[in-house]
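The structures considered in this document are given below.
You will see chain A twice below: alongside chain B first, and alongside chain C after that.
For the complex of A and B:
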């Protein structure tokens, strides 16, 4: 594990600097979040202008607390950040600097950030930020995301960890994951990365037993070669997904070969992801699909998909989407076909996609899933439910969820397209722990991400032994 | 790969203030890296060109040599299938006029007279140094339209043979190499070999920022780098 990061991700004591009673202030929201998330350690409010805050004793400075502080959270003006940390001396082990006004804001800010980086280097203090939202961690129960839960919902505990250069991207993803019922382990918005960068986070998450998959949002990496190394090592242990934004090139040199003109920054990132075993995602929507695909701890062993639906059109659409995404919609084996033919009406098309038609019932969906997915014929199942048939009831989500438990880590993806009624039923699926998409496109994307990960694992095993 | 001699060529170009290597130097580096290149002679004038062509044997290719002209054919700096001495004189004059029109201030180092290679499938292999990630290697279907068609694939270098084969498999034009419409199957192993060598060349040579073979002509057996250029930096 990179030195000092345990203080950021497993602090026993926290100082929140700049706290006041004024509601809506960032540090006040952070105090509230720490209370709400149930952080079990000590939380010390610090502000030289107050003696009490919210009825709790407020300290003049970090050093006035008289105890070691594992994590200091700073939401103070940029000019105050360095003095606060310097005065605290060795009593502080790590810091999240929320404050903006650094390298993102011109010459003065760049100079201050350099000074902050030097302070971290010299003292061994590990700093996340500046200009970031910091940490949302369901394991340590640290929450420095300074947007109230009423605006940005916090997800429950899960195995997915997120590393994001952008705070707003991370916050938006968090909110949506919470709505999707997908849990997270550690979410890190690292901002300007004056000290802790994406590679440090990858090194930490690689060894983190609470993290089963890592999703990254990257604008630019700090040190390309180190990133490839860290990501390679992490992806040998757990899936690593990444979206890279800012793809347009600037500053093309005059005398260039065709290769020089074509090999832009983005191509270099793509090649780096590939080398590092990172699954590349296209943007926000793809990022969400990836998070949802891996957010429930399932993973595929290959790319064979079975599609079960009561809507012939959606089934064929899904099959097309899957095939063009590199998945294999292989035929249903004879023994499965025979088994289902004996219980299904003769006019059902028992193939792949499997069309249960408007005569579909809850039991038929459950039977079809059980028969096709319990053997070793398929790696991923997509069940697309169109809610028109009267035989489909609100019991279906729970029935399929129970079946899904029998398949171990094999992923079941639900697609519930349509309007209000279908969306309501999608909610039932979520409540029963299922991964749900409103569109065939989303479901196929998630399946393809799972399959790409499987392929990556196979390639790595072959190559690295 | 004769690293010492390659370093010497690059160093000398730097000392002359060059920002790019013209074809003869680039090809010499390929030869030193064991990538096949056609026989060629660098000449200063028409008489020299005719002499060289007689030695090589007609038909020949005639190409302008200037480190300032990266894309020769764009400005009429390439004449292919030159048949005899009279043809040389005609095409030579044409070329001079073209360049006087298109790039009158370009420093001309001379002309390259080269054996004409038979037709084959044209591919492009290139490598650039990226500030963040180091060497980035490209493979693509070749020709002058490569920037338009963008039928290319990339890897971080240096690449091994297996990665080189993956790169080939990823481009849309891959079937052109594997017997498209009754054509013969091309020498994929020789292409992979070139990709590996070029990726190593750029990764291991200081001062080479970009290196490109375009086109590399691929045959049933073997390949030939008929044009190459390098950007220094």
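For the complex of A and C:
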């Protein structure tokens, strides 16, 4: 594990510096989140301008607390960050610096950030930020994301961890995952990365037993070689997904390449991802699909997809999408066809895609999934339910969820496109633990990501064998 | 206008054949829809097994009505379709044949469908179907879509018309558009197209004053030359968008190419679309984006996009997406930059994308849009609102809508990604007439479709000049 990161991800004591009485202030929201999240350790408010905050004693400085502080959360003006940390000396082990006004804001900020980086290097203090949202962690119950839960919902505990250079991207993803009923383990918004960067986080999450998959949002990487090493080691143990944005920003990045940073050209990132066994994601939609696909702990063994639907057109569209995403829409084997022919109306065409037509019932969907998954013909099922047919009821989500449970190693991906009624039924699927997409494209993307992950695992086994 | 189609799209009298007393039966749902939609003409229930239906007199046959029937809607077994229409003789002008059991169901069905096609050709009777959902028309108030409104919502009146080979695709699109608050003019599910096909519909919609844009869903075209002609003529008057699915189905389609049908190869469709001035759509998501982009009567004059957001990461992602979709993310001109610098905090970077950061307020978004659209630098604005910043309130949607109204010829596309809170705010934007997407990709797709349409118009003007 990288040195000192345990203090960031498993702190026993936290100081919130710059804390305020005023509701709505960043530090007040952070204090509230820490109390609400059930963080079990000590939380010390620090602000020289207050003696109490919310009825609790407020300390003049970190050193005035008189105890070792594992994690200091700083929401103070940029100019105060270094004095606060310097004065605290050895009593602080790690810090999340929320404050902006550093390298992103011109010459003065760049100089201050260099000084902050030097302080971290010299003292061994590990710093996330500055200019970040910090940590949302369902394991340690640390939450420094300074947006109230009424605007950005927090997900429940899960196995997915997220590393994001952009705070707003991470917050938006968190919010969407929470609304989709997908849990997370650790979410890190690392901002300007004056100290802790994406590679440190990868090294930590590789060894983290609570993390089963990692998704990264990257704008730039400073040390390309280290990134490839860290990502390669992590992807040997768990799926690593990554999106690189700012692809066209070749000029600005080129200027940095002489410092040994990975070339800013998108093609270089693409090559690095491939080399490191990282599954590349295309953008926001793909990122969310990846999070949703792995967020429920699912994984696939291969890329053979069966498409089951009651909408002929959507089935054909899905077949197109799957094929162009590298999935195999293989034919239905004879024994499956025969088994289904005995229970389906004679005018059904039992192919792949399998079109249950407007005569579809809950049972037909369940039978089709059961028969398809029973042998060894398919690795993934996409079930696209169009809710028009009168034979479909609100029992369908539970019935499919139960069938899916019997085939634990074969993921079921639900597509429920349409308006209010379909969106309501999508909620039923989610309540039964299913991964749901509102469009054929979303379902195909998720299937493709799972299949690419399976491919990575196979390649690795071959290499090792 | 193609001969006889006015009876399908402007009928004064309708016979619903095969009508039943039982709620839930297709014909009962169609009867109900016709009554609910406010169809102003006469509606005659027909069924030899009933004398009354729902308290209304039921006729033994179409000819027993004793009046000319503009449109007969047939929801009877396949074997009864031809006898019903033959017996009705010249009293029926057009028909929608909902019934399945034709060419899609084997040799017997193929033979029956050929006979039905011959009947149409000889008698001049215009037939939509068989094996279709028929017509949903907010102008004539005809609704033969046989799924209750509780499952598939019907959109309000609008300018967009849809021509779809797949009924379930059309129904799902209708449902989603209704839930998004987008209106439609005429929606035609033409199924097996024994008579009326996509080209007939294009010819009709070209002259239809109620239709401002046309979106097509195509699986196959029988007469490629006619399609190119009809689409070319229509695209001269209004935007024509089309998605072709079943792209990999090269084998089956090739078998038909000797009959003069457009080659089944996807590349041939692609070329035909280009030749005909049709804007090609990629699949379901793109189709919905196109419908949403044109569904509010918007159009763009060019492809220069300004991206305004409070989420740095989403802004960078949007810039990537726009550039790779052929849009131009041009620099903010000096006068706009100066104007905004005088009202924005000094640490804002006023570029494109324009990042209003977590300090964003409603006013800043409105100012940014106002300044960007004031000159002639941008054709389209994408405003991506991440709802974290406390300075953003529920007034923002109305404020932006008012600004957008001042620049009627420059479309504003809203992106509101995230969970429940963001989805609620998206609803506010919709209520103020704005086109909203839940992802950066959706917004970029819509902008790209509008820009491609502008490009088509320019090319046409050049040609004509």
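Everything that follows uses one rule, which is that the second predicted complex is superposed on the first by the 445 of 465 C-alpha atoms of A that agree within 3 Å, B and C clash if a C-alpha of one lies under 4 Å from a C-alpha of the other, contacts with A are read in each partner's own complex, and residues count from 1 in each chain.
Going forward, a contact is a pair of C-beta atoms (placed from the backbone, for glycine too) under 8 Å apart; a residue touches a chain by one contact, two chains touch by 3 or more.
The shown structure was predicted, so the numbers you read here are calculated from the model rather than taken from an experiment.
K.L.:
Tell me which partner A:212 touches in the superposition: chain B (first), chain C (second), both or neither.
P.N.:
neither
K.L.:
Please indicate which partner A:274 is in contact with in the superposed arrangement: first for chain B, second for chain C, both, or neither.
P.N.:
Only chain B is touched by A:274; chain C is not.
K.L.:
In the superposed model, which partner reaches more residues of chain A, chain B or chain C?
P.N.:
The partner with more contacted residues on chain A is C.
K.L.:
Quick one: is A:439 in contact with chain B, with chain C, with both, or with neither? Answer first, second, both or neither.
P.N.:
second
K.L.:
Please work out whether A:228 is in contact with chain B alone, chain C alone, both, or neither, and reply first, second, both or neither.
P.N.:
Only chain B is touched by A:228; chain C is not.
K.L.:
Report for A:265: first if it touches chain B alone, second if chain C alone, otherwise both or neither.
P.N.:
First partner only, chain B.
K.L.:
Using the superposition on chain A described above, determine whether A:303 touches chain B (first), chain C (second), both, or neither.
P.N.:
In the superposition, A:303 touches no partner, neither chain B nor chain C.
K.L.:
Where on chain A is chain B touching in the complex?
P.N.:
Residues of chain A touching chain B: 220-221, 223-225, 228, 253, 255-263, 265, 267-272, 274-275, 463.
K.L.:
For chain C, which residues count as touching chain A in their complex?
P.N.:
Counting only chain C, the residues touching chain A are 24, 100-101, 105-106, 147, 150-153, 164-169, 171-172, 175-180, 217, 219, 245-249, 283-285, 288, 310-314, 316-317, 319-321, 323-324, 347, 357-358, 386-388, 390, 417-423, 439-442.
K.L.:
Chain A touches which residues of chain B in the complex?
P.N.:
Residues 19-20, 68, 70, 124, 126-128, 130-134, 136-138, 140, 146-147, 150, 152, 154-156, 162, 209-212, 214, 229-231, 233 of chain B touch chain A in their complex.
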